[in-house]
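Structure provided below as structure tokens; questions to follow.
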């Protein structure tokens, strides 16, 4: 039985460690915040210029000057600080963020990531995604194992334009988890969703993995 | 002490003599957060055309830079993300609008570099992607870096929370975003603030933009401060 | 929320496990203003040797980094100005100490670049001077720019006015100087503060160094805060 | 009669304009602050990280956290702001300062400046001088016309290591003032100190000037 969205977020949350500074992408990655263990300290960075992002505000307490990178209203914590976008991306590019959890359209067996554009469709822009994958210490992708038409998303080479080359450290799909020790080694299948077989994963994956 | 005052009565007056057809304009903000609302309106009303606009986003339909798209005053955008904008999409797909995408951090750093007298800088961001095409690169310790160059503008429009008559500015929360760098990169920088105060009222250790970067300042007439994604949580029943 | 505490009881404890012979250390301050007094003392007492120290100045005899010169713990300085220091002069002229001069702004920018993941940047500063020797350069629009590279350190020692237990820092007046960039460029950054406070006590819009950059923090035991040039004016008789 | 130190500072002060942001070097340039006309607004920048520098403090009010680039105690004004050294030199390098007034050991006829090192003598370092001459819009040098041994300081070529190449716009000495319209044109003698003759200046100058 494939993992659902919340289970994916829950699985991704297991990659968090005490004391981590983390940037969460839009979509399922945002849900990871709901699964931070109560006894663990994780500080969320929002690339528009905030460290120590709090939960959504109570109704009526929304502040238009306080949003996250998804332009959603959020709140402040006692530990929060604000800074400019230049300082925010200096933080990201400089390798100060421990972990980034992002969505993906395609990941290649070499760890290339494509998640920002589909040629021929209207292109909205890469936002901060290229900076995040280039700068954050560890990049975890959370995605459906296959596209809506059934095509594998973890493949030999990305066909879509890249967000970054050789930048992914772990891939969590609804069927399985792949990880590699460093960016010179191959991905290894380390977990299967309940009742999902290796054969099924192999059939739906064109990337080579161990 | 004398010195020509930097304070202008209206957004319209603040733009007079410094805007022209074909100019490059920087406009602060992230989404609709921290955008120079009053100055964008005045820029639209000035009627200048063929603008190159450097801004992280392009506003939404009917708000922010979306206003200048409706009137077709923008020839080219330099941005990192332009979703949520049907008129933008229409003009772009019709070939009426040019667009240069920059990764968000690269855009922020290019603007900082422009204001800081840095010709260019080497960054890993975008290496191996379309962003690297046509750019110089070098490999150091196994990492590929691409050369990105500084950006400046004829006029930078920025929005702060408070500002004094010297042009010292303080931003509020995530409305800071691109405003501080843009303030440094405009040949003329025009700031609008929610509260215009006297020198001495701002804490000198907490001034985000020193007055040297601001040539003109206005107190904005009114602020909509629209929210794009109103997300809330329920109060748990007590 | 748990998280290993960043707070250490003493300067000595804060250096344990992160200092070693031959390491590169950044040390904040301009002259004796805003220097990490307590951490420098503890670094001296740690006995580590063969240090490369990146600091705008080298202290004065018997104060600041002058203490580490007396004990011959420094092998090399990267600085912009090292006047006012006889022991420095003696060691340098005797060939016991290496010295690399950087223009002050280039030094500041190199440290910022190191912390910001920028491999290098092109600057006009130093073009046509000895500073440019051996460096790549390029001419753009008639101006010559030289390539300067980012700097990082094994440990950065910084001094702030206030800091909270999360490592958020606020500097005071011109004691800010090199401290904020160095905080970003240390693989381990240790901050000493005059006042250690709880999260929530600092204004989040006015935090100069976000806590992510600070791995260890102490409240300094005592502060001399020496003045190098005491210049005053007379009160006019009333 | 050659100008004395205060007269030199006074002459240099005539290069100030209303609304100018100015950086003053150590020595005679510092004295220029005493001659800012009362009806003129000039904001002083100190490259260690301050804009809007005030006068020396009253005795007993010195603050060790408040010094200028010469490490002298100074004061704050209502217009003051503080920033990091990186931001300070971004301001300088980015061309935001209108005028810098500096001392010099030598100036060449091409506007090269040498003011930081004498080979064979202990070298203290360039501090912010190279950044200032590279970045500030207009650079005015204030210096004695000749060295203590009588050797000309305004000469064909600098013999000392340069602080910057082709960076000087005006030279104010105790004997004369030389200026040029831009950095592609030659210096022109525009003033003589009282009772100083063109012949004397020519005799003590090896630089070509108009």
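Letters A, B, C and D mark the chains in the order given here, with residues in each chain numbered from 1 onward.
In this section, contacts are C-beta pairs under 8 Å (C-beta built on N, C-alpha and C of every residue); 3 or more make two chains touch, one makes a residue touch a chain.
What you see is a predicted model; the values in this text were computed from it and never measured.
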| item | value |
| --- | --- |
| Between C-D and A-C, the pair joined by more C-beta contacts | C-D |
| Most distant chain from subunit A, judged by the mean position of its C-alpha atoms | D |
| Averaged-CA centre spacing for the pair subunit D and subunit B, given as whole angstrom | 35 |
| Subunit C and subunit D, separation of their C-alpha mean positions in angstrom | 28 |
| Whole-Å separation of chain centres (CA-atom averages), subunit B against subunit C | 32 |
| Shared interface positions of subunit A, touching two or more other chains | 76, 82-83, 89-90, 92-93, 134-135 |
| Shared-contact residues (touching 2 or more other chains) in subunit B | 109, 112, 116-118, 123-124, 171-173, 176, 204-205 |
| Graph class of chain-chain contacts, one of line, ring, star, complete, other | other |
| Contact pairs between chains, per stated definition | A-B, A-C, B-C, B-D, C-D |
| Subunit C residues touching subunit D - in the complex, by the definition given at the top | 30-34, 56, 79-83, 89, 92-93, 101, 103-106, 108-109, 111-112, 123-131, 161, 171-181, 208, 225-235 |
| In the complex with subunit A, residue positions of subunit C that touch it | 1-4, 112, 114-118, 164, 166, 168, 184, 198-200, 202, 204-205, 207, 210-213 |
| Residues of subunit A that touch subunit B when the two form their complex | 46-50, 55-59, 61-68, 70-74, 76, 82-86, 88-90, 92-93, 112, 122-131, 134-135, 161-166 |
| Contact set on subunit D toward subunit B in their complex | 18-19, 21, 39-41, 43, 45, 51-52, 76-83, 89-97, 134-135 |
| Subunit C partner contacts - residues on subunit B that touch it in the complex | 109, 113, 116-124, 138, 140, 143, 145, 170-173, 176, 203-206 |
